[in-house]
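Across the two complexes that follow, subunit A remains constant while its partner is subunit B and subsequently subunit C.
And now, the complex of A and B:
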């Protein structure tokens, strides 16, 4: 007499095996379909980007070109223009901005900047910058206090790309905001991009309640070689926060004014800093005196 | 008409520069990394090289150094088009033999004026 329980188990196992094989096959087909679809979409994107570039190059030659109303091509134009405008200046940028404004991209960007969706507001900020030749940055400055950090960051980057150094105090203020802070690293990169010629625009940062903002200002001043930041940096060397002292020491070494050796020496005598920061102070001191330190 | 090699890894910029140069009647070859760019310069000994600084495989400074070290390429004018904007960068570029230096973001009008100057120098 056959063992019914063994036969049932075998039949169940066979069904399970068959089911698993079918599932794997379906998954493989799904992955292939997604890959092919992705490849097709990427190829179409690349074709549209090439087309958009050609259109925009004709715009830069001041040819009379109209933007199409089809959404995919218009999106490709907007994306390419937003990218291209950050690489151009002078008459090229003004021509591009005037064309984008005349073709309705600027109005659309402003609408996007008021969208309830954060990502759309951020994309709107980037598009808005492409339409700027007249340095009208008020809408971007307003977005620095947006409720979403991604939008604040996009606005800050866009301001940096505009290269307008009058935006620096607003970026500093946004970085030290309690309610809607701008990430300090984003503020730093944006300020570096605006390339201020004087440390005066960093003014608020030296007295900030947030040491990371003061440290950011110190680092930016050294990176951009802002010689008028020397006195503020020498004060920053006496700061209670090690990160501020470290950044100030690095920047004073970059500025290379031998007068800065005295406040660095005074700070070194206090022995209240972590060894790493003491080392950076020693390094800066040596740099300013051209002294070779023993390892 | 001059032969120009554009070595730039950003297609928006390399294609725009090539477009402008072709519109100005020049013959243009575009390469997107330093090593391929140097190979193109060696192969065609162009009248002018437009060079980015930060590129994959071989940066613009290395390309320029290699050109200046090769007698056949040493006199080809080099125009550097770069986002590097510090004084020390400018000093370094001129030290390795760059003839003209344009900072990004750039103006195509300024670029064409400098190209004309280098080609007629």
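And now, the complex of A and C:
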């Protein structure tokens, strides 16, 4: 065995022992101190959130309120405003947005959206929506091609919250993108939130070379009951991809036009679908004939 | 130097290297976990979940609850699912040959009536025959499947999987309680990233906490040292282990007590391996294998925020059987997929996670015993000074205490679920005491499990004595 009784080895052992013991002691103290610190921090956060809600409700009642300059309170205001704006509609939302813009929150949100840090860009997008009283969504549309998928998703959700249906073609294009794709499910949810009144805005999604995008368009059209999507959906029933067929069949059943039974019947006769999709097609066919399909 | 002394020197140096490598890898896992949890926490946004919740196009989830003699906690478990915040949910409870009143309690409480429920995924096999299926009159998404037991949880899960109609499948245990937002949070990665095929959440012991109408309303550390030690173990396993491996994109285990999988992928691998004891890890590894071999872009992720509360053993007899079974299962799993170990084709899973689990988790107890025996021999023959051994053991104990405390620190900093200072002090004390009493016992149980796997023994559902949840009066 190597000789461990040298002074160097003994001092190394002593340092190892002391270092490990110190690490344990520091961790025990950290656990207890942080627990206590969190009580204080949580209580302070709760106090600031209550104050921010109070300020924002006074703003909604058209009182003349100025935002403070302290960063902690401004952060609390921004956070509470972003949360509150999702629950407001019409004049209240416009009042809040106008006040936030006047107090410099919108400018700050745009600055955040250009930050090199992804999280800051995403937070900027959320803040921007709360400040949006007009239809100027350009900064959000730009973020749909952000290099970080989570920022793209945050921007898409923000667009959905805005409820501006002119954003739909941009969302579809972002979902189709090869370089910086937007997750299809995020695009679908955002489009549903914007609630377009015509299937025309789904545009190229019907001819997309990505089946998941076509399936998304079919699902959205059915869910939003876009009757002008019927012909496109009937074409989609003949698609090679079972997911597209499934979504199209479900949507045609929701639209309820009896004319759609013919393409569904034609597809069923091909017998080339997985059992689950086949069953879904049978269900849609039955629904169009007002028959409840029992298993 | 005599030949015996020479062999001893080589063995000692190899063991020292082994410990060094183990600590370096685990240290990296801790750092990775801390970064992962901190980043996820910073991205946490309640608006995102609110939007998913309010969205009818959110992917539906079928929750499978396999239950075998779970009458003590099954009602709270199902109640917690019925109250879960998720827009599209289907709950399939499997009564796997229970000899207690599990099924009857469900039928009475949730107004279940016998109804035919169609099989959706007939590609997955079920061994125990189906006795009857029921559907709730009050909750249309709640289904009960009664089947004959073949003694394995995996068959119960497969039987339920055949009935699942939603695109995501979640597995929980019959004694588990999900937090109201847990499904929303664990399903979010599937919404955000189409390449995600599986996601796991955190499982924490419910022992000691108070439950009200299927919801944990007061999180409290349990009273006994055995249960507190398990709280630490779960924190280590999830907040450090899973989070760290997930950060390295090499997650091998998603707990069967709380995991979500894409149904199409799960169907493609044939569901759970009915013969496996580690069926949850088996499914994850089989998924990795399938998608790696197909060269498909995919992710298996761990989400540190959502919690599933589960009752853990409160007696040494039960925990010894459980740990022996886990070790046995790990041995079986690594044996079954041994051709993936050390193969670059399987990425970090093949090159890092699986070798780590084979060398340090499966064979770790044996190597620890060899090290201990070598030290005794060395001291007896005067080849090593006793103080070297004492320092080695002391440092090893201190580092293992530090790992437990690091997990506790992650929990306090990121989540703060245990709010009482007395709980923190109690858990810290449990961390300090653990190496002195629990670790030797655990080592022995793991050795027995390893022997069982080497002998190819067959095992079945573990017998777990349930106390049920403490309800507020």
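FYI, the second predicted complex is superposed on the first by the 263 of 295 C-alpha atoms of A that agree within 3 Å, B and C clash if a C-alpha of one lies under 4 Å from a C-alpha of the other, contacts with A are read in each partner's own complex, and residues count from 1 in each chain.
Keep this in mind: a residue touches a chain if its C-beta (ideal position, glycine included) is under 8 Å from a C-beta of that chain, and two chains touch if they have at least 3 such contacts.
Bear in mind that the values here come from a model prediction, so they are computed numbers and not experimental data.
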Exercise. Should A:11 be classified as contacting the first partner (subunit B), the second (subunit C), both, or neither?
Worked result: neither
Exercise. So, A:150: does it touch subunit B (first), subunit C (second), both, or neither?
Worked result: second
Exercise. Which holds for A:34: it touches subunit B only (first), subunit C only (second), both, or neither?
Worked result: second
For this session: Applying the touch criterion given at the start, work out whether A:62 contacts subunit B, subunit C, both or neither, answering first, second, both or neither.
Result: neither
Exercise. Just subunit B (first), just subunit C (second), both, or neither: which does A:262 touch?
Worked result: neither
For this session: Mind working out whether A:189 is in touch with subunit B, subunit C, both or neither, as first, second, both or neither?
Result: second
Problem set entry | More subunit A residues in contact - subunit B or subunit C | C
For this session: Would you sort A:86 into first (subunit B), second (subunit C), both or neither based on which partner it touches?
Result: both
Exercise. Looking at the overlay, does A:122 come into contact with subunit B only (first), subunit C only (second), both, or neither?
Worked result: second
Exercise. Of the two partner chains, subunit B (first) and subunit C (second), which one does A:225 touch, if any: first, second, both, or neither?
Worked result: first
For this session: Would you please give the residues of subunit A that touch subunit B in one complex and also touch subunit C in the other complex?
Result: 83, 86
Exercise. Can you list the residues on subunit A that touch subunit B in the complex?
Worked result: 53, 57, 60-61, 80, 83-84, 86-93, 163, 195, 224-225
Problem set entry | Interfacial residue positions of subunit B with respect to subunit A in the complex | 10-13, 15-16, 19, 23, 85-87, 104-110
Seminar exercise, completed: Listed in rising order, the residues of subunit A that touch subunit C in the complex are 1-2, 4-5, 13, 16-17, 20-21, 23-24, 27-28, 30-32, 34-36, 38-39, 42, 82-83, 86, 119, 122, 126, 149-150, 153-154, 157, 160-161, 183-186, 188-189, 192-193, 212, 219-220, 223, 275-276, 279, 295
Exercise. In the complex formed with subunit A, which residues of subunit C make contact?
Worked result: 5, 8-9, 12, 42-43, 45-48, 50-52, 55-59, 116-118, 120-122, 165, 190-194, 378, 383-385, 387-388, 391, 394-395, 398-399, 401-402, 405-406, 408-409, 412-413, 416, 419, 421, 424-425, 427-428, 432
